[in-house]
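Just below sit the structures, each encoded as structure tokens.
Here come two complexes built around subunit A, the first alongside subunit B, the second alongside subunit C.
This part shows the complex of A and B:
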């Protein structure tokens, strides 16, 4: 072979030069192709991004959406992203201000009685086409939400209105709704039963107004595109490119023009990838981003402005209380309760910034009589006690008449945090009680289907608030509640839920929540895991962004740009 | 030639029908359905929803209705994006995925051929060792890692220069396409490089190259006309499926770079059990894949006349 090397080398060199020429042509070709494709993509109109995070000159704030809103029809929307967008562009009777207090919005004053309420609407509240917002628009919206033909998933929140439930079941026509427009600016509501927290309900988006003529003109596609929505909030949606971006501009017809400080809020990116949003934040392209545990140290080194808030949700293990299930046994649940420590889960295992160890069904931020509910009614959650736990386990074995427990099925979602949690519990119960858990990992809908049909022993579940009252958590384990997926049944708990629903006196209601909390812990209905916190970074020039557990989050209505 | 094309087309249609049927029944047999949500609804609301979407009929009846609609080119309305037609979702978002995909395939194809040829020329020498090391990396590192690293590099690059050299994420201009399409094409490029290298090496030792050398052809001619042209054939074969794989597999890249492509609808639909979107995207992508394979087979006959189309 050695004699052939010279000729091989000359061939190689010549071929190498040839390749270089080809490479040159290839790069030129690719460049040309890119110009062509860029032109083609401009035809599709799906452009997003480009501006800096804040632009004081034009008053533009650039941020992101975690997901594309499925649609923006306030009477049908269910998800949090839609709620956040709607909170900027639609206004109900009342709203939450930057300190999370209920304040007047379309209603300028209101009165709540035992059996009904009256709202007096302001004269200068206008729709984005210049027409006034009237009491009729609210009545129409509520009828729409309750109409069985529309199948709104949040219709239940309108059941507070007289005949609401019967209308939604199709037993009564929508015209029998217990809400009337006395005149254009006076709205009267009758309650189904005495209710102390109706003011908190009307701040929810299902209660937002819809104008009949416009709604019907969209022939079923209301809320599908920016021009198929009528706005009455501080902002209007200027453009909505599905999957790519959503851009809001200050509403010139809004009655409280001083409230919106920035001219444009540009949701220029739609992605749920936490690293991508953090990278965009680093690149000064968006004004806030959520931090993951692994980015926290870096964020502190960079001296970024870090904030945190509780997003309102609690997460826990829910037992299957159906008859015949091992987990229906009180002693087995007690044993598992006493063998776990949520502080270990939160601080040593998941280690996510801002999370709190779970102790109760009621999260810490809920208001009680004068202060926080959890300060007035401490959870007194039992500390880990392995001796007691094993005693309960023996009792359970005796009661069930078995020597050894078969593996219990732990149903979980397929996200990273569920995986970590499931493995942690698997290990804890094996070590502390000699109990085996079989992890059944399912994607979103499958997990829900199995929860509904009761195909589990334990499930990693959670709950987020719909309105700002402890009842949004408190009635979860009532025997009639459809979201009571473990089918826990306890007449005593039901009794206290009825008190909380119907009682007018705040102290008596909060006492009821105290009792509900006690029962849930004493009977080990659930094993609290954690309360979710969110840690995030904001642009130094952006001020006044509001995060909240109940209501539109995040809220940029009051945000402004400094400098 | 025409007979062959027709035969392939009919086979393709049967394949697509099979894909649609299998997906339909598989989808209806997993636990859960698109109507289940975080908040449980009453029996009445559930019944209303089922009636609205026709889910209250027996599965085989739904199948016949659905197939009838597909034949008319109507994929129905999405369950999660409640007011959007699946046809609109495909029409609005597939072009984005296609643009990204085309560019990625061109990167992968040209890059694979060039690097493959280069490594074959310099086999067992430094360029070969370096490139083959990178190729192994390219094949084994998953795209979400590559995408994240690429994006972080962009952030640091912009930070270094003090202005926006290349956008970190987003879509719309020429500059938005460059890095995402390279990331998307990287795995395929690595694979094609390896394929091209081995195919080149096989040909170098073949008789017709020896003949070409013996009759005194200039080296560039031997390389271009005899080696490259013959070695490229296997690359063309896998290019068709690669185009489909790249165009449909952009989910991660689309998510990381916030690109409004079809890939994320494809994946999210499965997680949400959004029946109509699952069917629409699967049938559409299936048809696309079948079409690409046929095109490549036809191209094959054109590049290598020895291949008979029959």
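This part shows the complex of A and C:
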């Protein structure tokens, strides 16, 4: 009997020992794995730095990119992120300085006449391989931008140059372009039609130079990698790890070397997640971060330095004016216009400082004749008036011959701020007019495709300025504009757009913009929502970061580290 | 040999009396269900869960009758309101653009032009000599030595721009306003700060529109009214959380109960057919079940959505239900088939068959009741998983269309403001957790109660 017990006991013990051994190996294995992983992550992390947001010793500034630039070919790029990166590494004829004034860049001086312009290029402007930047590089770049084979989406901005539009349509060869290099350092441009704002256009990245021999040597891959771009800006791209990081270093060959104050700008993170960037900022990993409405209280509690700027864009509901659409009816649009209050949207729903209630297609910052356009030509946007709105709705029903409106489709992007707005409008129209909206949430590309094909009734859209002239907004609803996604057609509006394009006299042009503004409001072409502001926090040691509505944003070329 | 004489009397043919005593010794006969119920009742956790489930059903079905609030109605005066916040408001005159004048006695420095309220705060200050611009800031916290100014509200240009009206998202609390004067070069000239206590106000028209008063004559400017009650607070558009939770439960519980019921029923039918018939047909049926297991759910959900012609902005609940039913039954059918195969070979089945029982009788009388435990347990465990699926799909935006709420979509919206207004996430998340836990515990209890082998062992 006692034998049995001992044997059972020892068996238990043996099993226990076995278990213990297993447990030991398992824990040891896991620990080893963790150590190994930590080591591996430090290996990959070292490249993008476990450093602080600012490093005064090495002059390194660590920031983030909202998205990966699709490519950095200046003649093809369209998006804001590429524009911001290119603003650091490529320089055109003119550029915007830290006070948003147009200043000389590659061009030393320039002259704009009624039918053309001449630019005199500086001798010491060099490419990053040491060769001088010449007038030929500009002519080549503009030909590239206009060449229909390249299908540049921003080719239209080059239409100001003589034959530009015809070349882009394939009707004329690129050699007929109205731009010539008189010699290496003199560039002459002919205009398609008289143009008052060509100097503002040449600051845009599509007008930046490209050197022919280098461009052709990359055999179509220009701008795809750090070593497949030729630089002439204050910085050069030192490394570009796709999808992960982008690192810039001061350009030793840049003609105005004093301008760049930091040695390295490290775009160490590529993320559009506002919470992720805010956490990186909190951990002192990046030097600035954008704030959302829900982070404002937290930012105040952390006692951060909060900044704000207007990014210059306007956001609105665009109607589908195509024939057969209910929203093509003037009275329906008018009813919706009178049933909304953009002040409520901005002050109670979006809740971010710096947003202005929308009243017009033209944002408040545009220059008019002497002062601001919107002060000289007030929008006189109709106030919310439910009685009038319902009267218009009845008119619309009578005209369309329907008793009840079917649900209208509101196309929107899939970001938090669009979602909130879409749901807000859905309830506003339901409560005030008894109209039902269906929300069609789509990613950016899909939303653009649907806007292009006209698959919507209303769309939450926005427009940012390409150049510093009211025309960048003013021609948006011209019948020929491809960005007129609702296909609004109005000969009277077209007439005023033509005046604004062709007229040389500022007063006459501004009058035309005033008329365009009046038509847009009277005919309820759009429902203005807001002018966007951006609220952000910056590192106390980083100074001189420039935010701007027109041109590269954000711009760190003038930034420096204090202390 | 004496002849045996048997004398039978009539009394010998009397039936024996029924012995009541013996019967009274045994318990009343218990049916399978009665027995299961007794055992379930002994399980406190399971019973508690049962009550919670019943309570949730009442919350969903009866709740909206008691708390009759439109879940889509937006109360923009009470956005992201936590539960139990103060709801008094003072009646004021309708908003009118500010002419720049002041109704308060003149004072020095940064001052209020009018009594501050949640509609607007109107600030005035004295021009600073040499100033080219003024920046107005607002903070919830004391500015302090480190000059944490808070939100930059506006930059005003010109030396005479000495007033500002703040209307941005004002709630009844204390704000610290600061005004910074700068010269043309951006050098700071002057800095003033002011503490402002904001009170909640509403205009008589708004109060009438929101049903707080019966007519405009009922109140005068300065009267106090109570804002609409939101027991669970409001969300980011001022919608009533309680009402949204009730209506959201409809979607969540509908999917949670309808889908498992349908696919478990189908699975039982399919599995028992395969198991009972056996042989090649069984092989073929089960290989088809394996094939269905391999189909990806999310892909089919999207395909069904397109196939049903569900356009943008329409509810994806129907395709979700169809996809769940069509793709989730194999698990149940496998379990049931296994059970049936096992029971088919039991002695009592053979005995029953020898006694002439038909197939239908065998299935209904012996097989299904003996697999009932497995079936019910699968069902109760399928409910939480279906609720989770709905929550997940609504979370990623594949489920309900706004403004219809569901618990999943409410979580999705609430997670964005988790740090500032946690109640928007906590309530729907709590409801999902409680529901799932209740169904799980109930399933646990049912498994114990319905297991035929544990029958009457106590």
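Criterion: the second predicted complex is superposed on the first by the 515 of 563 C-alpha atoms of A that agree within 3 Å, B and C clash if a C-alpha of one lies under 4 Å from a C-alpha of the other, contacts with A are read in each partner's own complex, and residues count from 1 in each chain.
Note that a contact is a pair of C-beta atoms (placed from the backbone, for glycine too) under 8 Å apart; a residue touches a chain by one contact, two chains touch by 3 or more.
Owing to the predicted nature of the structure, the values given are computational and were not obtained by experimental measurement.
A.B. asks: Scan A:152 for contacts with subunit B and subunit C and give back first, second, both or neither.
C.D. replies: In the superposition, A:152 touches subunit B alone.
A.B. asks: Examine A:40 and indicate which partner it touches, taking first as subunit B and second as subunit C; both and neither are also allowed.
C.D. replies: First partner only, subunit B.
A.B. asks: Using the superposition on chain A described above, determine whether A:11 touches subunit B (first), subunit C (second), both, or neither.
C.D. replies: In the superposed model, A:11 contacts subunit B only, not subunit C.
A.B. asks: Touch check for A:170: first (subunit B), second (subunit C), both, or neither?
C.D. replies: After superposition on chain A, A:170 lies in contact with subunit B alone.
A.B. asks: Is it subunit B or subunit C that touches the larger share of residues in subunit A?
C.D. replies: Touched residues of subunit A are more numerous for B.
A.B. asks: In the superposed arrangement, does A:430 touch subunit B (first), subunit C (second), both or neither?
C.D. replies: Touch status of A:430: second partner only.
A.B. asks: Output check: A:362 vs subunit B and subunit C. Expected answer is one of first, second, both, neither. What do you get?
C.D. replies: After superposition on chain A, A:362 lies in contact with neither partner.
A.B. asks: May I ask you to decide whether A:353 touches subunit B, subunit C, both, or neither, giving the answer as first, second, both or neither?
C.D. replies: second
A.B. asks: Taking the superposition on A as described, I'd like to know which of subunit B and subunit C A:221 touches: first, second, both or neither.
C.D. replies: The first partner, subunit B, only.
A.B. asks: Pick one for A:316: touches subunit B only (first), subunit C only (second), both, or neither.
C.D. replies: The answer is neither, since A:316 touches no partner chain.
A.B. asks: Between subunit B and subunit C, which residues of subunit A are contacted by each of them?
C.D. replies: In subunit A, positions 442 sit in both the subunit B and subunit C interfaces.
A.B. asks: Any idea which subunit A residues touch subunit B in the complex?
C.D. replies: For subunit A paired with subunit B, touching residues are 10-12, 14-19, 22-23, 26, 29-30, 33-35, 37-38, 40-42, 44, 46-50, 64, 68, 70-71, 73, 76, 78, 148-156, 168-170, 220-224, 241-244, 268-273, 275-276, 279-280, 282-283, 285, 442-450, 452-453, 455, 482-483, 485.
A.B. asks: Which residues of subunit C touch subunit A in the complex?
C.D. replies: Result: residues 72-74, 76-77, 79, 138-141, 144, 146, 148-153, 167-169, 236-237, 311-314, 397, 401-403, 416-417, 419-421 of subunit C touch subunit A.
A.B. asks: With touch defined as at the start, can you tell me which subunit A residues reach subunit C in the complex?
C.D. replies: Per the touch definition, subunit A meets subunit C at residues 292-298, 300-301, 303-308, 343-344, 346-349, 351, 353-354, 407, 409-411, 414, 416, 419-420, 422-424, 426-427, 430-431, 437-442, 535.
A.B. asks: Considering only the defined contacts, which subunit B positions touch subunit A in the complex?
C.D. replies: Listed in rising order, the residues are 30-34, 36-42, 44-45, 48-49, 52, 80-84, 89, 92-93, 95-96, 99, 102-103, 106-107, 110, 114, 117-118, 121-122, 148, 151-152, 154-155, 158-159, 164, 167-174, 176-178, 218-220, 222-224, 227, 255-258, 260-261, 264-265, 270-273.
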